[in-house]
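What follows are several structures.
Paired with chain B in one complex and with chain C in the other, chain A is shared by the two complexes that follow.
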Partner chain A sequence: MDAGLLEQMLLGALLGLSVYLPLRCGQLSLATPGFFAIGGTVAALLSTRLPALAGSGSTYPITSVLLEMALAALLTGVLALGLGRVVLRLRGIYLAIATIALVEILRVVTLNLEFTGGALGIFGIPQPFDSAAGYAAFTLALLALICWLCDRLEKTRPGRAMAAIRDDELAAASQGINTADTKLLAFVLSALVAGITGVVAAHFLNSWNAKLGNFDASITTLAFVVFGGSRTWLGPVFGGLLLTALPELLRPVGDLRLIVFGAVILVGPLFFPQGVITPELFKTLKRIMLRPPTPAAQGGKP
Partner chain B sequence: MEALLQLLFNGLSVGAVYALFALGYTLVFSVLGVINFAHGAIFTLGAYFTYFLIGGAVGANGLMAGLQLPFALPFWLALPLAGLGAAAVALVLERIAFRPLRDRGSDPLLALITSLGAGVILVNLIQLLVGAESYSIPVETLESLPVALSIAGAKVRTVQVMLLAIAGLLLAALSIWIDGSRSGKALQAVSEDPITAQLLGINSGRMIQIAFGISGFLAGVAGGLVGLSVSIAGPYFGIGYGLKGLGVLVLGGLGSVPGAVLGGLIIGLAEACVPAELSGYKDAVSFGFLFLVLLIRPQGLLGRPQANKV
Partner chain C sequence: MSLLQVEDVGVRFGGLQALQGVDLEVQQGEIFGLLGPNGAGKTTLFNVISGLTAASCGRVRWRGASLAGLSSHRIARLGIARTFQNLRLFNSLSCLDNVLVGMHQHGRQPPLAALLQTQAFRRRETQLHQQAQELLALFQLEAAAHQNAASLSYGDRRRLEMARALASRPQLLLLDEPAAGMNPAEKDELRELIRRIRDQFKLTVLIIEHHVPLMLGLCDRLAVLNFGQCIALGSPDQVRRDPAVIEAYLGGGA
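Up next, the complex of A and B:
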């Protein structure tokens, strides 16, 4: 497979995880592209304006990329902490639209500011890797790390508190869960993942502009999660990988490819209302793997 | 004074389109509790239908290149027909993207995604068939009407006055229908609770279809009007309006018809007040405004507060 496409798929999976984190807590936040855009802008600005980061070698040092990631995480984290306090008082579709408004405000401001390069954006972002394969390996490691953290989160107290809020916020609160702080945690984690992903994407894409964090991106990333499933972290990863790859894999059908892509998004939820990947799927798989076929499974109905 | 009047007219005519747009969202939201993300695509479709019906030829890039109707309808006839065409598409949309979910009792959130899928299909279908170029509906379509009017010293484009008048007419008709007719009351009952409404002898499924039909009609007409007053800037041009309509919807209050109108006019006026040298920030103004209103009054200006159910 083309390493460039693989890299895009991995970035899609990371963005899917970013939308998934608040959704697992029952919060429909579409702010991911906004934080993604902030991460990308931070990386683009630092790597093109600060000669100290460039190092002496022929390629841009990875330590500088890591430093950009830390700064992007710090910035998006602090921003999410402040904004989250305010917007998370909203529920359901109101939260979704407030976050869309945030993304749009951010996009318009980036588009009009001088130092972010306006409509053209920032060009010539230095490359820490010679090839797309290098990026893919780096992003794969990052994805694996974040997946592992998500898995840990789901098995620990804050993660379980998130699931409880998703099922019933009032009941969760009456069990002594601090719902406001738990929701805020999910929102901040989502922003951190999006910001870090933005840093990698900016280097990979080589240029960065305001268009990369827009309304379309909000909805597409939401589709990753709803299509893949929002019950475990594997869902958004699967959805992100597949739905990012799909338009490219459909190249052979030419002009029809986006129509087919739309049809997949349209039909997917009809057949998989919980998303494709659900905990039940694992249970079924486990049963099939562990147990020899029973007479009932062979079609012998009593 | 003239400048102020000019500003008012600019703002109101843009606001009227936003209001028409947001009303379509509101109708569907009030009966289903979901946002129809394909609404922008229906709006786009209405604009293309209007262009086609007034005898416009399809450009060279699409599969239907050079296609042209053998007759040319006058604008006043083409616009409602385009609206009906858009309504028909909205009904198909309800059938394939919304009803299957309702029949299975799925999470309403899923309708966001299925309608998004339907929107992607529609937009790309338009691109495939008629190409990505922009079209404009010539002002000559209005035949004998002058290009601009002079109202109390302010020069106002006829198109803008027309836009305002048609939008006002539709909005008035809609609110009379909702509050004054039996079927309008049935729609309100369904938006309150579809199952109870069904028990009381209202065909909820039919009312939902009616809501989609009207929503599609309003979007189609709004599309045709914008096509006339600005231009049809390619298959994606409904998306920006769709986003703005969403803001208007929340500003006024989800599910509130007068709220959608008020929200549309406020955002239209607010945008008209942004000075030319800051016009790049226009969209940020309306969304910033929306954001503030959400924080202070989450149910919107005229919406009912969300009940905290135990």
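Up next, the complex of A and C:
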């Protein structure tokens, strides 16, 4: 497998996690591509317009990328904090619609502003790595870090509170859970992950334009979670990796690949309504692993 | 001072007057019953006390301070826990996790300690798990600790809701029809259980129930609601003999 595809898959997994975080709290937010676009635009602007960041070496310094990530996180975090207060009052499909609107507004603004390059976007974003493999290693480390954070979150008090809100928001509030703040936390974390991912994607893609954060991306990233499952962080990671790879791996079958891709997204929820990766799956696996070996498996004696 | 004061509380849903001029006081440590026919406004009164429904007029006082305008999670943190008539468990979570969510306000730990899983963090988590297991054991649910709440039988689900409510270490426990769907033997057990947890946890209990014999045998005092108004208030004996109560339950001509 070539490293470029691997890098795209890893970025897909990160975006899947960004959609997953509010969804684990029962909030269907489709704002991920919006925050992703903000991260990408921040990286594109800073790295092409600020000579101070470029350093003296032949490649763009990693420290500058980290600085861009910090700034993108700050910007998306503050924006999510303000927006979340307002939009998280909406429930279910209404929240989804409001967040789609947010993504569209950001896209149209980026498209029409002078300094973001209009419809053409920004070109020649400097490269911190010589090869796609370098990007993949960096993104893998980032993904591992975020997976670890998600794992800790799920196994501790705020994670339990999020699951409780997903199951029954009113009952959760009756247990003393501040539901508004918990939902806001999930929304902000989602925005941070998307923003940081945008920075890496901008450098990897070498150019950035308004098309990268559109409604299509909202649906694609949602499919990662629907397919993979929204109960544990493994679900969106699995969904993101597989569904990003699938259209590329299916290239040999030509135009049929879009049909196969569509069928997979359709059949997934049909056979795995909770997504492929569920807590039940782990329980089943554990049972199979712990089952005492049967006499036949020990090598039959006559 | 009484623990809970309901003062002239009225609730109006559009053209429907669900509660009107309800006055009652609940004393520390008592088991106070709310009786009344369907649609009398009992659950609405619970919703007002726990902050789910705003009173159109009047106020609820907790230890003398008004609860008006407080959201339900703030009220829960003051020490008022409740169960729901139509069971609102966290169905995708295990019984243990349901109780752990109930402990939400007592389980706060520094985020950094939680991330790094420091020794102090793990010790505290173990302690919380033990407390949750003890609560489950009290309601004979210890064997089901790792089962999903959705997989439990109806009676077990009712008991799990009580365990979850107790997990927040409340001073006042609101029980909304805890005996619904239970057979007579289970109802007797429930009566003993409610008494026991009241003594063990130094609780005050406010309970809604339709089963009149259970209520007369369990409660220290009772209030009877009908069409949103409090028509009788007093000891079980007083309430049983009250002509207004007899009329509400048996009809005017009886």
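In the analysis below, the second predicted complex is superposed on the first by the 292 of 302 C-alpha atoms of A that agree within 3 Å, B and C clash if a C-alpha of one lies under 4 Å from a C-alpha of the other, contacts with A are read in each partner's own complex, and residues count from 1 in each chain.
Throughout what follows, a contact is a pair of C-beta atoms (placed from the backbone, for glycine too) under 8 Å apart; a residue touches a chain by one contact, two chains touch by 3 or more.
Keep in mind that what you see is a predicted model, and the values were worked out from it rather than measured.
Judged by the touch definition given at the top, the superposed model places A:S131 against neither chain B nor chain C.
Shared-chain residue A:L270: touches chain B; no touch with chain C. Touch criterion not met for A:T284: it reaches neither chain B nor chain C.
In the superposed model, A:V108 lies in contact with chain B only, and not with chain C.
Shared-chain residue A:I93: touches chain B; no touch with chain C.
Number of chain A residues touched is higher for B, counting chain B against chain C.
Of the two partner chains, neither chain B nor chain C is touched by A:T63. Shared-chain residue A:R152: touches chain C; no touch with chain B. In the superposition on chain A, A:L170 contacts both chain B and chain C. Touch criterion met: A:R160 reaches chain C, while chain B stays clear of it. Residues 170 of chain A touch chain B in one complex and chain C in the other. Across the complex, chain A meets chain B through its residues 28, 86-87, 89-94, 97-98, 100-102, 104-105, 108-109, 111-112, 170, 215-216, 219, 222-223, 226-227, 255-256, 258-259, 261-270, 273. By the touch rule above, chain B contacts chain A in their complex via residues 35, 37, 96-97, 100-101, 104, 106-107, 109-110, 112-114, 116-122, 124-125, 127-128, 239, 243, 246-247, 249-250, 254, 280-284, 287-288, 290-291, 294-295, 298, 306, 308, 310. If you check the complex, the residues on chain A that touch chain C are 149, 152, 156-157, 160-161, 163-164, 166-168, 170-179, 231.
Put simply, chain C touches chain A in their complex at residues 50, 52, 71-73, 76-77, 81-82, 84, 88-93, 97, 100-102, 104-105, 107-109, 114-115, 117, 164, 167-168.
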